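I'd like to ask some things about the structure below.
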Amino acid sequence: MNKLIDPRTLPIVVTIALFAALLAFGSVMYTGFFSLQVFAGLLIDNAFLLIVAIGMTFVIVSGGIDLSVGSVVALTTILCALFTERFHWPVWIILPLVLAFGALYGAAMGALIHFFRLQPFIVTLAGMFLARGACFLITTQSITISNPTFRALSAFHLDLGGASLTTGALVAIAVLAAAVFVAHYTRFGRNVYAIGGNERSAVLMGLPVARTKVGVYALSGFCSALGGVVFTLYVLSGYGLQGQGMELDAIAATVIGGTLLTGGVGYVVGTLFGVGILGTIQTLITFDGTLSSWWTRIVIGALLCAFCLLQRLIERHAGRRRSNGTMTGERAGAKRPRRAPLSTDVENNAAESLTPKEST
Amino acid sequence: MKRLAAHPLVWPCVTLVLLVLLDLSHNPAFLSISVLDGHLFGAPIDILNRAAPLVLVSLGMTLVIATRGIDISVGAVVAIAGAAAASILAADPSQVGMAIAAALAAGLLAGMWNGLLVAIVGMQPIIATLILMVAGRGVAQLLTGGQIIPIGARDYLFLGGGYLALIPCSMWIAAAAIAVTTLLMNRTALGLFIRAIGINPVATRLAGLRSSAIVFGVYTFSGLTAAIAGILASSNVRSADGNNAGLLLELDAILAVTLGGTSLLGGRFSLAGTVLGALIIQTLTYTTYSIGVPPEATLVVKAAVVLMVSVIQSASARAFIARQVRRAFPVAAKRTLTEGAQ
Amino acid sequence: MSGAALLETIGLSKTFPGVKALNAVDFRLFPGEIHTLMGQNGAGKSTLINLLTGVHEHDAGEIRLAGKPVSFATPLEAEAAGIRTLYQEVNLCTNLSVAENVFAGRHPKRRGAIDWKTIHARAEAALAELNVSLDVTKSLDTYPIAVQQMVAIARAVSVDARVLILDEPTSSLDDGEVARLFTVLRKLKQSGIAILFVTHFLEQTYAISDRITIMRNGEREGEYLAKDLPVELLVAKMVGHERMTERLKRAESEQPAEKSAVPPFLEMHGVGRRGLMNPVDIDVQPGQILGLAGLLGSGRTETARLLFGAERPDAGTMTVGGKETRLRSPRDAVRHGIGYCPEDRKKEGIIADLSIRENIILALQARRGWWRPIRRAKQREMADDCIKQLGIKARDAEQPIGLLSGGNQQKALLARWLMIQPKMLILDEPTRGIDIGAKFEIMDRMLALCAKGLGILFISSEVSEVVRVSHRIAVLRDRRKVAEVAGNEASEDQVYRLIAGEQR
Amino acid sequence: DEKKITLGFAQVGAESAWRTANTVSVKSAAQQAGINLKFSDAQQKQENQIKAIRSYIAQKVDVIAFSPVVETGWEPILIEAKNAKIPVILTDRNIDVKDKSLYVTMIGSDFLEEGRRGGKWLEDHYKNDPGPINIVELQGTVGSAPANDRRAGLLEVIKNDPKFKVIASQSGDFTLAGGKQVMEAFAKTYGKQINVVYAHNDDMALGAIQAMEEAGMKPGKDITVVSFDATKGGFEAMVAGKINVDVECSPLLGPQLMSAVKDVVAGKPLPKRIVTEETIFPMSVAAQTLPQRKY
C-alpha cells in the first residue's frame, strides 16, 4: 500500500485504476464491449500511436517536444509505398531504409536544437511542415501497396483464442518492452531523465548531454518511422494526409500517462495507459453510436476532462496525506518538492550518543 | 552596430524585410497602396488586415507562454465566439451589441475555464486546454448546427470588413489591443509578475504574490483576445463556421510568439516580437500565394523560412556559421584576429 | 610540497559582459594536498573553478594538467581527465533518486543492464562513509538542501580521481557533518589526490588546509602555507584592509541586548500539521531575535514555513500583533509585514532571469498590488541604494541576479525583504555562502534593525552563531520543540545537549 | 422478418456544410426506413474510420456503410468484415481495392466526372472567344480526393485547347476563409488578367467572391466563377449573379443508401455502382431551382 502511494508511482497507479474503471464502465453500458476481441482491437487500432507516443515520451521526459511525428508517419507510408510500388525494392531493404531515415531526420532536428540552442517547438514544427510538404511533393495521390510481402505481413495474425493480434500490435508490444528497458536499464535512458530534470546540472555532472539530446530526437524519429511502417501495414497504402494531428494525440497520451511536460518525470508504461485511455474513449463513443459529430467532440472532451480531473484530485488527496501535505494550497508548477516522511530518519551526528530518540 | 545586432527584435525585422523584398522582386507594385472606394487598398493592407486576428490571439498566447503555460484551445475559442455571435444575429440581425457581448462572454468563460483547470486544479496546461480544444469545436458546431451561418448585420460586418478613416477597422482593433496589452504590461506591475511566475513560480509565491490569481487572469485574457479574434474573423468572412474557423490557429499563434523571440520555457516575453512574428507568418502566407508557389510546396517553403528565421536568431548558430566561414576563408580569419588585437 | 604541480593555471583571465571576473591568475595545486581558495563574495573563486573544468571558456592564459596544456570544452572532458568537481550550489538532478544522483553517468552494469541493486547498495555505502543514512531510492527532492549537499559530496568523493574540487561544500552543513567530510577528505589526501576546497568558514580553513590561495577582485592576492598565515592576516588580505580584524575580535564577545517585556508580535499556539510538524508554541517579540536550533531535519524549516503561511497548519492558533489571524498563504504573511529568506536560495529565493532591481522590489510590489506600480526611477533608486548599502558586487542593478556570485544573491534577497519594511523577518540560513565580511555586515544590520523594533526568527546550522546573536533560543528535536532558553544564559554546550536529546 | 436492421455508418467528419447535409440525410433516411443506425464521426482520420468499422464488426451489425476518407488502405479491414460476413456499402467516394467482392456496392458521385463537367461548361462558354482564357484555381485540401479529381477533370478537358491556361493554383482548404485569403492575393497579383475562377467547392467560391468584390472586381461578370457542390449558399450567389455555374454533387444519399441496405439484407443483387442523379446548374436556371434545393 505504501508503495502504491509513493509520490513517484502514484500518478501511474491512479491512471491505471481509472483506465480499469473506464473499461468497466464500457462493459456495463454496452453489450459486446466486454470481449477479448474489443480489447485486442484496442491494441491493434492504436499500435502505431503507441509506438509514436513511446518515442514522444522520451522526448518529453528529456524536457523537449516533438511535433513532427505525425508527418513523419505520413512520409514513411509514402516512402514505403513509393519504394515498393514504383521502384519494386524488396521489403528487407525498404524497412531498414525508412527506419534509418526516420532516425536521421530526428537526429538532424535534435542537432539543431542542441547545438544551435533552438526551441524544440519551432524546430520540430518546421520538421512537421517539411515532412508533410515532402509527402505532397512526392505525390498528392494515395498509393495502394500490392507487394505480396507487405500483404503477408499485414495479413499476419497471431491467434489468442477468441481474438488475434496483428503484426503491428506485436511490434508495439516489443517496442514497449524495449522502451521500458531503455528507460530504466540503460545509461542513455537515465541520462534522458537527468537532462529533463535539470539540463544544467546534467552538464555539470559530466553527463553526455549533447549525445543524449540528439539521441532522444533520433529515437523519436525512429519510433515515428516505425509507427509509420506499422501504419503502412495497417492500411496497406501510402498517403500524405495520414497522421494529421497525431502529434497531439501522442502528446496527450504521454501526458495523461503521467509524464510531466516540464521534463524529468514520467514512465513509458504510463504512456501505454494514456494511449489506452484515448482509445477506449473513442471505442466507447463508437459503441454508443448515437452521438452527432459535435456531440462526439464534446463527449470526448468531457470524458477527457472528467478523467484528468479525477486523476488530479486523487493524486492531490493521496499526495497530501502521504507527502506531509506540502502540496496544499500550492498550485501546479508552484509545487514544492514533496518531502520525505519522518520515518526515514537521520542517523545523526558524529557522536553516536547524540542520535535523536523519542523521549517518552 | 554590435549592440544593434544583439537586440532581440532585429532578426525578426530582418526576416520581415527580406520577405517583403522577395515580394517586391516578384511584383514591383507590391508596396503600392491606393485609395479605392474610400479606403486604402493594396497588398500590405491585406496582410495587416488578415494578420489582425492572429495578432490578437498571439497577444494572449504570449502572456500565457510567459507564465510557462500554453493555450492550444484558442482556435476553438475563435470558433465558439464567431458561432455565438452568428447564432444571435441569425435570430435577430439588429442585436449586434448582444452578439458581440455574447461572443466576448463566451471567450471569457472559455478562458476562465482554462484558468480554473490550470491555476486552481493544477492540470498541465497542454492537457487542460486540449480539453477545450476538442470540446470547444463541438460546442461551436452545436451552436451552428454544423452549418455555415451567414451573417448579414451591417454593423457587425463593419468590425472585420469595414474601414475607419481609410484604415480597416480590424487593424484599429488589433492596434488598440496591442496598446492596451502593452500598457498593462509596462505601466502596471503585471509584466513583472508574469515574468517572475514564468521563471520561478515557487520563489514568486514565497515573495508574496498570488500566482494562481495571475495565472488564472492570463488564461482569461487569452480567452478574451481569442474571442475578439473570433469576432473579427467571422465578421470578415461574413459567416460563422464552427468547424473551420480558427483551425490550427493555435499553431500559428505559438509560432508567432516564438518567432518573436519569446521562449516557450516562460519568463521573458516580447509583445512587439509577437506582433512581428504574426506579421512574418501572414506575409509568408501571402507571399507563397502571390509568387505562385504550388500548393504542394507551400509547406516546404514555410518550413524552410521558419528554420531560417530561427537559425539566424540563434546566437550560437550565428557563431557557428561565422566559424565555418572563417575556416573556409582564412584571410577573413586573420583580419578578425588583428581587429581583436587592436 | 615536493614535485611538480598537478593542476596549474598561468595568467588565466575571464571577462563576462561588463565584469572582469578573473585577471591573469596563476594558481597551483599539488597532489596530496588540500588547498583552500579564499576570498570575498565575487572574488572569482567559482569562476576559476569553472574555467578549470570547462564550464566556461577562458579568454587568455593557460591551464596545465600534469604539465601538459589542456583545454576542456565541457565538464565531461574534465571528468574524463580525472577532475571531479562539486560546484557551488547543489547541482544535482532532484528528480532522480538519491542513489542515482551518486552514480549518474557511471551506473554499474550487469549483463548490459543497469544493476540497480548494486547501485543502491553502493550508494548507501558511500553515504554511510559520510555517516548519512537515507532511503536512497527516494527522489532527491524529498530531502532538504543540506542533505542534497551531502549526496553531492558522496557523488564527488565516491570515485577515483586525480583532482577533487569542492566549491563551498559545507555551506549548509552542521559541525558534525563537516567533521565527517573532513575525515573523508583527509583519507583521500593520503592516497595522493589533489584537493581544491572553497569555504568562507575560517575555522574550517584552518582545520583542513595545507595551503591557502587568497583571491581578491578577480586577482590572486597570494599563496600561503596555512600554518604560516595567522587568521587576522588572512582576513586582512581577503578584504584588503585591516578594519575587519577588529570586528572579528568584537564578534567573540558580542551579546544581544537585554530582553524587554513587550507583547509579542507573533505567537503560535500549538500550530502544527500532521505528518509535517508537531504542534509548537513560539512567539517572536519586536526588537528581539529568536534563534531556532536543531539538527538537520529537526523541523526548523517547517516551523518557519508554517509561520510564513507557506504551509497551511491544521492545528493551533496564531496571533499577529495581538489579533488572532490565519495565514493561508505567504501573501497573507507578507501583508502582515513578515518576510522570509528561504534556505534553498536557488529554488525558492531568487528569480534568476530577472534583474537585481526587479528581484529587490518584487515583494514590495507584490504587497502594493499590480495596479500600483513603483515608478521605474524610484525602483532604480531603491535598488542602487541596496546595492550600495549591502555591498552587493554587481555590474549594475539591471544585471540578472542569476549571474551574481552566490553570496551576493543572498544579499539581494535580504534586500528584497528589507524593502517592505518588515515587522518580522524569518531568516533560514541567511549567511549561507556569505563571506565573513559580509556576514558581519548582515549581522550588524540585523541587530540594528532589531534595535529599531524588528522581530527576527533566526535559523542557522552554526549553533555558535545562533547562541551569539539570539535573545532567546528555541530548540527543536524530531519536529517538536523541546526547550526554550534565554540567549544570554545559554552556553553553547547546553544548547548542543538539548539539540541532541540529552535530558537536562 | 421483423427484426430491425442495424446499420453501422462511419462518417468522415463534419468538416463542411456539405458533409453535415450528408449526415442529416443518412440519419433521417434511416429513421424513416426503420433502420437502427450506429453513427460515428471519424474527424477526417482514416484510422478512426477503421476503428469504427472494427467496432461495428465487434458489435455484429447487419450492414456496414462508410464514406471513405481516402481511396486507399481499406483492404485489411474489409477482409475482416468479409470474414465476419458483414456486407459493406460505400457511399460518396470510391475505394481502390483489387478484390471488388470486398464491398457490395458504391453509391455516390464521381469527382473526376464533376471536374470534366465543369471543364466542358467552360469550353462551351468560351467557344466563341479567341482567348487567351486565364484560369485561377482554388484547390481543396491538398491531397484530398475531390481536390485531386476536380483538378484532374478540368485539366483533362482543357489540355486540348491551348487558349485555356491555369495561371495560378493554390489551396484554400475547402473553407470560405481560405478561399477569400487566396483570392485576395490573386486579385492583387494577377488583377485584370484573371478570366475564370475555378473553385473546388462553394465555400471557397463564396470567399473568393467577397475578395473579388472588395478588390473592385465583379464576379460573375468580369470574371467567370465555376464552383462545385451546388449548396444553398452557392445557389443564392448564382441567383445574385455571382457564380456562373455550379456543378452538383449531391449529399442526399440517405434514401438510396437505405434502400440498398434493405436489398442487401434481403439478399437481392445490387449493381456494383449506384450513380446519384447529378447535373450542372448554370446561372440561368438558378432562380427557378432554388426553392427546391434541400441543402
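Labels for the chains are A, B, C and D, by order of writing; each one numbers its residues from 1.
We take it that a contact is a pair of C-beta atoms (placed from the backbone, for glycine too) under 8 Å apart; a residue touches a chain by one contact, two chains touch by 3 or more.
Here the structure is a predicted model, which is why all the values come from computation and not from measurement.
J.: Report the chain whose mean Cα position is at the greatest distance from that of subunit A.
T.: Most distant chain from subunit A: C.
J.: In angstrom, rounded to a whole number, how far apart do the mean CA points of subunit A and subunit B lie?
T.: For subunit A versus subunit B, the centre distance works out to 29 Å.
J.: Would you mind pulling out the distance in Å between where the CA atoms of subunit C average out and where those of subunit D do?
T.: For subunit C versus subunit D, the centre distance works out to 71 Å.
J.: Report, in whole Å, the distance between the mean C-alpha point of subunit B and the mean C-alpha point of subunit D.
T.: The separation of the two C-alpha centroids amounts to 33 Å.
J.: Between subunit A and subunit C, tell me the centre distance in angstrom, where each centre is the average of that chain's C-alpha atoms.
T.: 40
J.: For subunit B, which residues are shared contacts with two or more other chains?
T.: In subunit B, 141, 146, 202, 204-205, 295-296, 298 touch at least two other chains.
J.: Quick check on subunit D: which residues sit in contact with 2+ other chains?
T.: Residues 13-14, 20, 23, 142.
J.: Find every residue in subunit A that makes contact with two or more other chains and list them.
T.: Answer for subunit A, listing residues that touch two or more other chains: 136, 140, 292-294, 296-297, 336.
J.: Which chains touch, pair by pair?
T.: A-B, A-C, A-D, B-C, B-D
J.: Going by the contact rule set out above, which residues of subunit A touch subunit D in the complex?
T.: 32, 35, 37-38, 41, 44-45, 48, 135-136, 140-144, 146, 154-155, 231, 233-242, 244-245, 279, 282-283, 285-287, 289-294, 296-297
J.: Hey, which residues of subunit D end up touching subunit A in the complex?
T.: Subunit D residues touching subunit A: 8, 11, 13-14, 20, 23, 37-41, 43-48, 50-52, 54-56, 58-60, 70-76, 79, 96-98, 141-144, 147-148.
J.: Show me the residue ranges of subunit B that touch subunit D in the complex, using the header's touch definition.
T.: So the residues of subunit B in touch with subunit D come to 27, 36-37, 41-43, 46, 50, 141, 145-148, 150, 161, 233, 236-239, 241, 243-245, 247, 285-286, 288-290, 292, 294-296, 298.
J.: In the complex of these two chains, what residues of subunit A are touching subunit B?
T.: Listed in rising order, the residues of subunit A that touch subunit B are 112, 115-119, 121-123, 125-130, 132-134, 136-137, 140, 248, 251-252, 255-256, 260-262, 292-302, 304-305, 308-309, 312-313, 316, 330-336.
J.: Quick one: which bits of subunit A touch subunit C in the complex? Just the residue numbers, please.
T.: 7-8, 181, 184-187, 190-191, 193-194, 196-198, 200-209, 264-265, 321, 324-326, 328-329, 336-342, 344-351, 353-359
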